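What follows is chain A paired twice: with chain B in the first complex and chain C in the second.
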Partner chain A sequence: MPDAAATLTEDRQRLELTALSAPAVLFTVGMIAFPVIYTIWLSFQSFSSTGKPSFVGLANYAKLVSDNEFWHGLWVTVALYVLSLVLQLVFGIWLALVLSHARRLSSIVRSLFISPFMMPPVVAGMMWLVVLDPSLGAANYILTSLHLPPSDWLASPTWVIPTVALIDTWQWTPYVALIVLGGLQSLPPSVYEAAQIDGASPFKTFQRITLPLLLPTIVTATILRSVDLLRFFDIIYITTQGGPGNASNTLNIYGFRVGFEFFNIGYASALMLTLTAIVFGVVLAFNRLRGAVAW
Partner chain B sequence: MTEAPIDDVWIRRMNTLQLAVAGIIIMAPVVWMVLSSFKPSFEVTAYPPTLIFSPTVENYGQLMQTTPFFSYAVNSLIVTVGSAGLGLLFGIPAAFAVSWTRISWPAILTLAARMAPGTLFLLPWYVMFRQVGLIGSYTALILSHAVITLPIVIWILLPSFDNIPRSVFEAAQVDGCGVTRILWRIALPLVGSGIAVAAILAFVFSWNYFLFALVLSNGDTKTLIAAAFNFVGEGSTQWGALMAAATLIALPPLILATLVQRWLVAGLTLGAVKG
Partner chain C sequence: MRARAFAAQLMLSAIVIGAAGSARATDFDWKKFQGKTVTFLANNNPISQALLTHKADFEKLTGITLKVDGYQEQQMRQRLVTVMNAHSDEIDVFMTLPSREGAQFGAAGWYADLTSMTRNEVAPEYDYAGLSQALLKAATYDGKLTSMPMNIEGPVLYYRTDIFKKCGVDEPKTVADVEAAAKKIKACDSSITPFVSRGLKPALPYTFSNLLHNMGGSYMEDGKSALCSPKDKAALETYSRLLRDYGPPGVVNYSFPQISALYRAGRAAMAFEASNELRTVMEGGERLKDTTLIPFPAGEAGQVPTAIGWGMAVSANSKQPNVAWYFVQWATSPAVQKLLAVQGIAPPRSAVANDPEYRKWIDEEPVRKEWQAALDVLAAKGSSEVGYPIVANPESREFIGQAVQDLILNQKPVDQACADADKALDALIAKK
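Up next, the complex of A and B:
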């Protein structure tokens, strides 16, 4: 009899646990899983001017392969991704090292460091749009005062990608720094004592001890930034909408415009599924790397 | 032994210097934005740029008069509070169930929303919401923004629930308490600070989110962030009003984030880093 009672409460418990997670699961199925499956279906359709879908097989994907704008978007996405990531990691690790030497972070310093990545990216874009204005902006005034050549920044097809990368680096370097700082503070102090006894120089200590031990944290920061950088949207859409010309037309911007400016939903779906596959591929690859460098 | 302290002082000075440089680079554009918002209209586009001016609030006045800024702010508040509330309502029990059962796929499923580009969801949502006539409705906006808030709530609360000793629950079970009662009566009061962090970060990220409202809102339900796109288009010569708008839009998330700064990084990395 006690067994039966135990089974009864166990069944009840399982039922309650299912009920607790049911709203979140149903919501996720309704708002994410089903729509993604629907997108896959949409990517095999073409829509007539009246909005009537017709099955076109892989035509949208074939179009993608021969679409110069897609390959250009892929190139812009990758260039922006690599440039931003490298800048944010280099400056982020530097900033973390500087912060780790400060005895403790006052809450004022901390607030100051989180404000760039807590403000909306759209606001960051508006702000830099004014600072980087080619004719009246403060940035060019500072450059010319220092006898350096001014730049057209966001208005220049050549410089728009580095400029956007700089804006994103301004916004997210403190975030990378705080993650790396967390990693630094969890390193065992004993390894440094040994290096100090051996008389290793600060640079050698960093290169031989800190950096290798920090690698898992750096890979984590890389994954978190990769997810955002590969689907770059907000700052570009508020400042250039992909321009000048198509110089900053990332895949996400291109897909959005194909879908909601030209209303070619089928082709936009194929573009977005391709971008999603790229994001997941990169994340999985770095996740493997994280397993390989863990200690 | 006399050398070390001098060396230390020098290193400390270099360090303070680097920290100051970083601080200036981080704060300079923000200070410039706020300063510009208080400049008289003839001075905001002055070249060379001026640092000393008599501050005025005329830009803020102009912003309120020429745009429905206040109703955009109300829209933002409705969508943000609604989606953060929905995220908490669904996320708290789900996080508790995942922590209890160690079956993590529901939590991982919500992470897909954190990784995929928003346009991937926006395309089918647009088609679906249009069919049921929900384009431009608060419902569509709140539901779409809850996709942002739900994973934040779940992944911030998971470690909080995990930290409660199992014996606390077992004692309650012996007393005949069901799982749901344990959640509401025992677990929830123990993770109060986790819920505060989750609520605030859900609010911040919903407030800051741009893409969905760009397509799913209409003139009556437009959020501040989506309206900012129009401000930029109209404000190419009105820098003062543009910077006033930027300052006001950034203020709520910045104030809220300051409240939870200590737990921010652990929360933002969705449990990948404890910091």
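Up next, the complex of A and C:
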């Protein structure tokens, strides 16, 4: 009988806890689910936002296939993603190694190294817009002072993607470095001691020990940066608005313009859900990779 | 002191209006809606900034509380789209650019019709007839008056008299003269950008439309896009050539902030930019004495300047359109527009433009006189057609911009650039 009483009390406690937490859980789920479900609903509508919506089924998704601007936007998104990610990983790992070895570096210098990613992207965009202005900017002034040819930077269809990638790399490399630095500090010292006893060179130590052991951390950084880079918006919107022409018109910029400048909310929703699916796919792929490289 | 004098005059006008109203059968009473609150969705530009410095005057005059919801232009439109789609009544009054979104918002039924308000709920001194008829016409869709003009603006040519003198160039009288002047300046002083105007895709139709109309071109012929017509092609080539051969590097990313900065810094000899950039261009005073300002010189069709203006609209979802109208009426009244005029906001009323106190302000600097003279031309001859006169006007600007950028960047020959744009624009026109 005492057991039955105890079970009854436990059940009651569980019920009470469920009842108490239910509103918060429902609110949170609702807050996440509602916008997603609403966007899915919008993507099945022909909805110009200045007219009445009408159900069109998968027509908005079918339109994507024949929309050259969509394919171009996808290409720009992928190009910018790959270029930025590679640069940020290479420089981020390098910066983390510098910071981990230069222990005597003052905290001010360390703070300066990591300060760019604390800057709001809009401010960073405005700042680089001024620096890279082909006529009045400091970048071309420095180049010409060094007797180097000036560049059109963000105004050149050829150079706009590398330039935007460089701005993003400037801003987010310290973030990658911080993640990698955390990984470096958690590596077991014993393997380094063993390598030292075996006479391994610093490069071999990095290649055979540090890099493989850091892989799970690097993949984590890759996932975090992938999500941001595939949704890249703010710096491009501030600096080029997708131009010149449509040379930097990423999917996110394109979707924003279709939705909020041309008021075609239905098609913009289909674009954005497609982009979301791409982001999910990439994150899932890297998650699997993380499982494979875990130690 | 001058602002105070105007404020006093405004209050006096209000008292007079009130007194006059009380003597009439259908009394107009500024205090009719005392205690109410009006929400104003504002574009945080110089016009609303100047207007809102007098917010307390409105509240004192009417007893209405003015709640301001201010954003940058694009963010303001996003907020408006969200609010209007939700059929929310949280916005009573919003700022709008009829030349850009008028047809679109009109078709969506977002504007309250102000026609009857301007007839029945109007202060005796409002002087409806004194407002620019061209701007009122531009704000009328399907017979409905959708907004009241807040200002008048358009692109004008700022040029440096000292550089013109040094290089032996006369004031350009025609489009061809502008190009000839740019060529001469380029040869005379290579450190100066001879000509600068808008090259950013969605922004350039504002200036390009002026050149197109001056050269006798038009966006549409027989219901079809006409960018490949001989006159349109000539305009596309001329505009892009001016920017490509005589503009600054990176001009394809140039809109008003870059143009004003370049000209103000003394790095450009000619700038074809908005009249309401005068204050920015003259900031610091360096350009005050060496700048002249004229409407863009004539082409084959003479001078057909672009003249647009921001308007103030009452939301169709507002539950208190009459209260909202009181704010619109106050903000676009002669007394308030006179206050704004001396803050550099060009008035959409000729009576204000001719007001002695405003004229005194104008006469203080020669460049202000030229600015006003150019605005007079805009008011008299202006066309508000910026981009295609269709519901999808904002999208049409993209394709115009793309065609011009293709030429500036030498990415396509003119025949291909205009044909590609025409194809996309015809599809847009067909969408209705």
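The definition used in the following text is that the second predicted complex is superposed on the first by the 255 of 295 C-alpha atoms of A that agree within 3 Å, B and C clash if a C-alpha of one lies under 4 Å from a C-alpha of the other, contacts with A are read in each partner's own complex, and residues count from 1 in each chain.
The rule we apply is simple: a contact is a pair of C-beta atoms (placed from the backbone, for glycine too) under 8 Å apart; a residue touches a chain by one contact, two chains touch by 3 or more.
Bear in mind that the values here come from a model prediction, so they are computed numbers and not experimental data.
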{"item": "Clash or fit, chain B versus chain C on superposed chain A", "value": "clash"}
{"item": "Chain B versus chain C as contact partner of A:112, first or second or both or neither", "value": "first"}
{"item": "Which of chain B and chain C A:155 touches, first, second, both or neither", "value": "second"}
{"item": "Partner chain in contact with A:268 - chain B first, chain C second, else both or neither", "value": "first"}
{"item": "Which superposed partner A:55 touches (first chain B, second chain C, both, neither)", "value": "neither"}
{"item": "First, second, both or neither for A:260, with chain B first and chain C second", "value": "both"}
{"item": "Most chain A residues touched (candidates chain B, chain C)", "value": "B"}
{"item": "First, second, both or neither for A:246, with chain B first and chain C second", "value": "second"}
{"item": "Partner chain in contact with A:134 - chain B first, chain C second, else both or neither", "value": "second"}
{"item": "Which superposed partner A:71 touches (first chain B, second chain C, both, neither)", "value": "neither"}
{"item": "Single chain C stretch clashing with chain B - from 24-32, 78-86, 330-338 or 384-392", "value": "78-86"}
{"item": "Common interface residues of chain A - those touching chain B in one complex and chain C in the other", "value": "135-136, 239, 260, 265"}
{"item": "Residues of chain B that touch chain A when the two form their complex", "value": "11-12, 15, 18-19, 22-23, 25-27, 29-30, 32-33, 36, 45-49, 89-91, 93-94, 96-98, 100-101, 106, 109-110, 112-128, 143-144, 146-147, 150, 154, 178-180, 183, 204, 207-208, 210-211, 214-215, 225, 228-229, 231-232, 239, 242-243, 245-246, 249-250, 253-254, 257-258, 261-262, 264-266, 268-269, 272-275"}
{"item": "Chain B contact footprint on chain A (complex, rising order)", "value": "12-13, 16-21, 23-25, 27-28, 31-36, 38-39, 42, 94-95, 98-99, 101-102, 107, 109-116, 118-123, 126-131, 135-136, 138, 141, 170, 174-175, 178-179, 181-183, 185-186, 217, 220, 223-224, 227, 230-231, 233-234, 237-239, 252, 255-256, 259-260, 265, 268-269, 272-273, 275-276, 279-280, 283"}
{"item": "Of all residues in chain A, those that touch chain C in their complex", "value": "49-51, 133-136, 140, 150, 152-157, 239-246, 257, 260-263, 265"}
{"item": "Interface residues, chain C side, partner chain A - complex", "value": "74, 77-78, 81, 85, 104-105, 107-108, 110, 193, 200-202, 248-253, 258, 261-262, 265, 267, 391-392, 394-395, 398, 402, 405-406, 409, 411"}
